[in-house]
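What follows are several structures.
What follows is a pair of complexes built around subunit A, which joins subunit B in one and subunit C in the other.
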Partner chain A sequence: MSIYVENLSFAYGDKQILREINLNVKNGESIRIIGVSGCGKSTLLKLLAGLYKAQDGIIEVQGERNPEQIRRQVSVVMQNPMLFPASIKDNITCGHPMSNETIKRACDAAQLSDWIASLPDGIDTYVGERGGKVSGGQAQRIAIARAIAKDAPVVLLDEATSALDGDTSKAVIAALESLTKGKTVVSVSHRPDDLMEYNRIYRLEGGRLFNA
Partner chain B sequence: MNLMKKLLYKRIRLVIPALGICILSTALTLCWNLQLSAIINIVNSNGIITSGRIIAAIITVIACMTISYMLSMISGWICETMAHDLRMGYAGHFTSLSLLEIDNLNSGEQLSMLQNEIGDIYAFLHNNLFSFADDAVKFIATFIWMLWLNPSLTLLFNIPTVFITLYTAYASKVIGKAVHRSQQANAHMNGFADTLIAVFPILRLFDAAQLIRAQYNAALDQWESARVIEENTRAKLMSLSAVLSCIPLLLLTLIGGTQTVKGSTAIGTLYVFINLSGNVSGIMMNMPGRIAMFRKFSADMMRIEPFVSIQTGRIRK
Partner chain C sequence: MHSNIKATRDMFRMAGRTRRFSILTLLRCPFDALRTIVQANFLMHAFDAINSGNLNELYHACGLFGVLCLFLFLYNGTVWMLYAEYVTRWVGAIRRKLFEHISGLSLQQVEAKPTGEWIARLNSDVNAATALLNQNMHLPHAIVSFVNICVTSVILVLVNPELFSLIIVFVASHILLNQLFIAKPLMRLSMNVQEAAAENAAEMNALITCADTAILYDVQDFLLKRFEKSSLELRKEKMKIQHRKAMESGLLSLMGMSGYLVILLFGWRWIKAGLMTFGELVAVFQYRGGLLAGSMMFITSLMNVRSAQAGVKRINETMSLSREE
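Coming up: the complex of A and B.
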């Protein structure tokens, strides 16, 4: 089992967000969780990513229960790409030693190579504070390249396709398909429709998970 | 400087009396020096100082002190009020923004603006706004008075001041550039710290602490080196300026002393010249520094202007 969640509950102070969530996702399976804004989708994703510790219940990702170990097993792509104020290369490698071949493969898969080749400083181009020197679509693809380069077995997508416009959506979808190929995928979104295909779809309502 | 005009206009009922007090203060200072010059000349010629002259001098000194106190009070009050208007205008601007606009704000940049630009504007308003007006009045009145007392001595001891002023202008320009670079490095570092908070989840997920630490240290080093260059430049140029600034006083002592020995200038007049030389040469030499400060103040005001909403209607206080 790639992701195993048993009786997971979580609250912010007195406000109960998630109640007795149970979820099993096999290796290579992709699932989608939909729900209205504020229903707890992002909180569930952060718990699965190892950013938060479960208050009640069990979260196991690739056999790991320790949040620090879980974080090594997952890659996350968010709606807001959150780039570091550094070069494209540093945003992809995150400062870890990585071969040029791996970086190039990640850029190719994320549909970034042509754009990077057109830049005077190439992959060493500074993306600015909060990615201010690149467009939204380019920032999203840099974030996807970062996730591809990490090569984690589990991919978590937080509204990753929600803010795409016509011109950039094709490139981002192609990049996401490269990222999720052969991986376990959990995608959360407030929109019922999606540009990608999933094995199962769940609905999060009142802190509980239902089959949609 | 539209913002400055708005701030001054809002408090015009306080600003005009303060300027009047500046003029009165200078007139009283000159009057006191005139009396002092006469007393010294009488003592020098072994004459007798009448009790009327002493009482007049004491009244002038008391009036000088009172006016000086009033000027200090009213200028401090106006500056505090204007700084308060500015802060309220800054806060007022944010309360009028939509949620989307607030979401898109770079809080690091705004905090940096609040700590740096508004802090600097406050310091300028508090320390310099009325001293600018006071200096201008003092300079004009004293220079005219000195020319009337002894034109040759006035012009001779002020000739080097023109060259020293040019040097100070050059020094201020060089220092201004170094300050600008240092401010940019500081803003970059603050922006970086703000971004770190925003990207914190990604930083943990991708274990990028090492990379970010290196980047932050690089920004810190950049700021440190810019600050060192700034201080170094300031120390070199300003120390020379301090030495040069002694020349007018030395010339005044030399030329004025010779004229006194020869009997063409009274000792009381020389004393008054020495006493008031700061009002002319001192102000002229400080002018480039003041102009540089004013330029910085003006740049700060222009930077915050889009973020300040000042109501233009005058307020009774």
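Coming up: the complex of A and C.
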């Protein structure tokens, strides 16, 4: 089992967000969780990513229960990714030693190579933290390249396809397909879409998870 | 120089209340010159009274000196109190107008610069620019000291033109050296400090805004190293300013002491020749002190005004960004 969640509950102070969530995702499976804004989708994703600690219940990702270990097993791509005020290369490698071959592969898979080749400073081009120097689609593809380079077995997508427009959607979808190929995927969104295929779809409502 | 004046004028216009600033500065102008005259005359009369053994004249000089000092103290205190109130409102007006302007910019304009840059524009740029009026030596000090220099120069010329020539040689060369090697580079260094501060703020901000990504991708060490690097860069730029200030201190001692010794030598000769009394020499030293203090105040104020220009220019640049209608 890639992701195993049992009786997971979570609250911000007195406000209960998630109630007794149970979820099983096998290796290589893709699932989608939909729900209205504020229903707890992002909180669930943060718990699965090991960014938050479960208050009640069990979260196991790739056999790991310790949040620090869980974080090594997952990559996360968000709708509005934050980039570090650094070069494209540093944003992909995150300062870790990485071969040029790995970086190139990540850029190719994330549909970034042509754009990077057109830049005067290439992969060493500086980008602002909110992608001020690059478009939203480019910033998202840099975030996808970062996730590809990490090569984690579990991929978590937070509204990753929600704000795509005609021009950038193809490139981002292609990049996401490269990222999620052969991986366990959990994607959360406020609306269903048919941009990507999933094995199962759930609905999060009132803090509980239902089959959609 | 012209661009600095224009930049300062633009910022004053933006903040408003320039008439009140002019009135308060004019009211402040006579103080230093008056104090120099009062002190020099007191010392001259006191020492002449001691020399001639006239106790009544000494009492008279001391009494008058006390009354005039009290008057100067009350006058100066009142003007500075009004001035402090003005500066507080002036700084508040600049900060408010800058904030209003930035909040009216388009998202595209805001996102074109890192968060740290905007934080720097709202904080350190305002602090740097408003130093024009609220640091130890600032723009009004430059004006006041200029008046002091003019008045004491005229008095010195009337008292002893030869000694005035000697004093002015040292003062003029001091100002020239200071402008060439300290004041001019300071402007550039201050601009570098503001830019380094903005970069440093951006790196620091990334530790917070990118916290989730940093934790997930184990980037904290990398971000900390970048923050450390930009902090060192900022410190290096600040150190360069301190080096220039140390140079200024050395120059002050060198020029001040050598001028003092030369006048002492000439004064001794003139007293021996019966051309001058000891009281007059003491008064000349007092006027020289006034002239030097005025010059130092003028130089320091100019240096601070130049440093503040880095903030003034960046504020004007921010205010010149066209807003979304």
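The rule is short, and it goes like this: the second predicted complex is superposed on the first by the 210 of 212 C-alpha atoms of A that agree within 3 Å, B and C clash if a C-alpha of one lies under 4 Å from a C-alpha of the other, contacts with A are read in each partner's own complex, and residues count from 1 in each chain.
Definition applied: contacts are C-beta pairs under 8 Å (C-beta built on N, C-alpha and C of every residue); 3 or more make two chains touch, one makes a residue touch a chain.
Keep in mind it's a predicted model, so treat the numbers as computed, not measured.
Aligning the two structures on subunit A places subunit B and subunit C in clashing positions.
Of the two partner chains placed around the shared chain by superposition, neither subunit B nor subunit C is touched by A:Gly28. Judged by the touch definition given at the top, the superposed model places A:Pro153 against neither subunit B nor subunit C. Legend: residue contacts after superposition of the two complexes on their common chain; A:Ala49 is shown touching both subunit B and subunit C. Of the two partner chains placed around the shared chain by superposition, neither subunit B nor subunit C is touched by A:Gly57.
Once chain A of one complex is fitted onto chain A of the other, the partner contacts of A:Cys94 extend to both subunit B and subunit C. Of the two partner chains placed by the overlay, subunit B and subunit C both lie in contact with A:Pro85. After the shared chain A is superposed, the part of subunit C among 61-69, 97-105 or 277-285 that runs into subunit B is 97-105, by C-alpha clashes.
With the contact threshold set out at the top, residues 46, 49-51, 71, 74-76, 82-86, 90, 94-96, 129-130, 146, 150 of subunit A are in contact with subunit B in one structure and with subunit C in the other. Of all residues in subunit A, only 46, 49-51, 71, 74-76, 81-86, 90, 94-96, 128-133, 143, 146, 150 touch subunit C in the complex they form.
By the touch criterion stated above, subunit A contacts subunit B in their complex at residues 46, 49-51, 71-72, 74-76, 78, 82-86, 90, 93-96, 129-130, 146, 150. Chain contact summary for the complex, subunit C toward subunit A: residues 110-116, 202-203, 205-206, 209-210, 212-219, 221-223, 225-226. Against subunit A, in their complex, subunit B makes its touches with residues 106, 191-192, 194-195, 198-199, 201-208, 210-212, 214-215.
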